[in-house]
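Please read the structure below before turning to the comments.
Chain naming follows the written order as A, B and C, and within any one chain the residues start at number 1.
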Amino acid sequence: MAGDNYLPPLANYSEGIMVNKKPVIEFKNLTYYYSLQEKPALKNINLTIYEGEYVAILGLNGAGKTTLQLCINGVIPNMIIGNFEGDVLVNGLNTQEYPTRELAKIVGMVFDNPEFQLTQTSVAEEVALGLENIGIPTDDMHAIIEDALETVGLDGLQERSPFELSGGQQQRLAIASALAMQPEIFVMDEPTSNIDPIGKDEVIAVAAKLNTEKHMTVILAEHEVEVIAQYADHVIIIDEGEIILDGTPHEVFEQVELIEKIGLRTPQVTKFAYQLKEKYGLKTKGLPVTIDEAEQFAVDTFKK
Amino acid sequence: MRGAVLPISMVPGDSPIHKIAPLPKLAWSFGVLIISFMTRNPAILGAIILAGIILVTIAQIWKPILKVMAILFPIMVTTVFLQSIAPAFPRPWTPITDIGPFTIYQEGIYSGITLFMRSFGMTLFSMVTIMTTHPSDLFSSLEKIGMPYTLNFILTVTLQLIPILQHEFTTVLSAQKSRGMKGTGFGAVLPSMVPVFVGAIERVQQLSISLESRAFGSTGKKTSYRNVVMRGKDYFILVTGFLATFALGYWIVVDKSLDWSRTMTFSPGLSLTLVITTALIFASFVTIGVTRVLRA
Amino acid sequence: MNEPLIVCENLTHIYPGDVTAVKNVNLKIHKGELIGVIGQNGSGKTTLVKHFNGLLKPTKGKVIVKGQDTSKMRVQDLSRNIGYVFQNPNHQLFAKTVIDELKFGPTNLGLPEDEVNERVEKAIAFFNLEMYRDHHPYRISFPLRKLVGMASIYTMQPDVFVMDEPTTGQDHITTRIVYRLIKKLRDEGSTVICVAHDMILLAEVVERMLVMRDATLIADTDPKTVFSDKELMASTHLSPPQITELSYRMRSKKMIGSIALNINELIDASSKKYNLKRSK
């Protein structure tokens, strides 16, 4: 049928059910209050993320995206004081039982302000920092550093000062520094919000590479819905600490009314198709969420 | 635009001095420090200065050294002036001549000049060390002789933070000027400091989370990226440094005739010229400083 | 009566270290315009707008604001006419309450207290900050802080608002609020100049686009013309909004006649072309 044409091939899903993949992160009845706050930052979160997924988290400012991510590497509850109920298991390990610096060996994390993450006098040393901390032998470091820099497209810049790089380059350096530790899970909190368009594209491309080439489970909090619809295979929408939607890009973004009620928006092409259908009563199966699907949608709808 | 632009930072280069490992250089600088404080003998201090000048020439770092000197020079000169009229020296004092309400003392001039030479020599040697050594190598060498890793780290981060905070401050100042900020005194500038501090705190908070996320402080063996290798000649220089310091120190302690404080005399004419010149430099230094602060 | 507010004549700016950030820019800005300045980082767009309130002075050429040459003027004096909203509100905010923050600008202009209070009330109403009057600026959320930053310039009632990335990093709700506020400012008679990467802002809100690339002003025209020029867009490495991209494709497949800058435009174009009948 026409609708099936625009569903992208979903590697990990088969009729919406994970096939043969192990869960790497499990949130079980998680409720969290920041200290002295009356309203919970996260409310009754039940969520499973499987190995190799590219997960996108959407939500308004303050909805709980960052809070959720900080629970993955144990910053919450170990570094930030608050009221933590429920459990978060990472590779089967309970985050309440391990300090962040230990969980850091399996969870890499990159934050939104690239500059705030850099401390060393050269690019190579910045990447080496994590390696030093996990005891990688000095002789092995050079190869690992070079590989990490190549993955993010910064090879050759080993001796530069991190503070002389552009925003996009700095963010990619932050990614390389986390990547060098070869984590299984890679978490990024709005990595593109403070950088220019070229930088944005670079960072998004690297994130995709980590997922497809390095087989890492990638978890990305973002505002750019068009980008998410293009790359993610698992989309989660959080509002006021609760998970409102959880599924594939199609399952989530086709819920136009619900998404707009929260105050978010769908990819422009999805809204376009939706409005077209509503206004003119067109019959199609499903809505496009990417530009290629939208092009196909237009052809199918109009050239008939 | 960014980058560690402190006047005191490493100057890239390929000189023989650059090629020496950090520890020997540190040892020599330390030795110079010790000797400078042990004696006021102008000949010894003069020799140290001469040696320093030779090293600076070999390392080809005259331009940055002169920049540093430009800042230190007025301070050192002021010391000479002040010392001449009020020696930091045990009495009795031998007056040479009078200038206005002040009396110029022989011990004062001796004290002033030797203090000048002392600081000059120490500055030269320490600058040579800092400017020809990569900070990370310096730190990893210090770590080898027992300095804690965390302290090292704090120092590296601080080095990075200073130019960044300077830049932040300038941005904040622009923002406030864009809101018509009146007044140029310190009082007007103070509110601008608030955003800089808040920014710094936010940065540090984020940094600590970010570092933990890279296993900073975790259990297990720690390794180091930068590997400083000490070669034969480095050991040689290190050992010579220790020996020279020891020998010189011993000689100073033992040979009382090295103390020229009572035996060196200065003619009234020379003393007067010296004091007037340094006084003028002192005065202009103070005037420039004050007007800068008021006008900021 | 229609004298330009801002004129750039052969404006060139060279930073120390011999970096030419802006080369030979000529432009005129009139009252009531809604302008977007785009370009990659390093293209010179921020350098350009910093000349408007005197934060930077020309190395060569002239910048004339309301008939006066800026090279002899101080930022504080120009701030009366040209308001500059910094990208990071944290760089501006230092007072104990939002109200105090809003009072700072007009007080600096030397206005009497009741005039200052009147302006502050107007700003609170315009930006809908009633609930936050006595809050500490650093205790309110970042999007609100950005609004306070804008409000604190609003109270100075400048003729021109220069905004550095007003919507970057914001969520959808706040972004829409900012779009609305920008339009409202212009409706009140102000001129608004936004330096931005937000393509939707540029496609749906601004009326004139200045495109910078490698220190040169390579285009100065309306958004539709800019976005229609695929070569221009490609050379700046900026992608148009997704809906515009879709309209490109539909146009090249001869499904519609011209490109669309927003969703409604594309719907209208499609429905006209295919004679769609409204349901219900």
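Rule of thumb we're sticking to: a contact is a pair of C-beta atoms (placed from the backbone, for glycine too) under 8 Å apart; a residue touches a chain by one contact, two chains touch by 3 or more.
Note that the coordinates shown come from a computational prediction; the quantities given were computed from them, not determined experimentally.
Touching chain A and chain B together: C.
Across A-C and B-C, the chain pair carrying more C-beta contacts is A-C.
Look at the CA centroids: the one farthest from the centroid of chain C belongs to B.
Averaged C-alpha coordinates give centres for chain B and chain C that are 47 Å from one another.
If you average the Cα atoms of chain A and of chain C, the two centres end up 30 Å apart. Across the assembly, chain B contributes 1, 202 as residues in contact with two or more other chains.
Contacts from chain B toward chain A in the complex involve residues 1-4, 134-136, 153, 156-157, 159-160, 163-164, 202-203, 206-227. Within the complex, the chain A residues that touch chain B are 70, 73, 75, 79, 99-102, 104-105, 107-109, 111, 113, 115-122, 124-125, 128-138, 141, 161, 163-164, 174, 177-178, 181.
The touching residues of chain A, counted against chain C in their complex, run 59-62, 112, 166-168, 190, 193-194, 196-199, 223, 226, 263-265, 267-269, 271-272, 275-276, 278-282, 291, 294-295, 298-299, 302-303. Residues of chain C that touch chain B in their complex: 15, 53, 55, 74-76, 79-80, 83-84, 86, 90-95, 104-105, 108-110, 138, 152-153, 156. Against chain C, the residues of chain B that register as touching in their complex are 1, 168, 171-172, 174-182, 191-192, 194-195, 198-199, 202.
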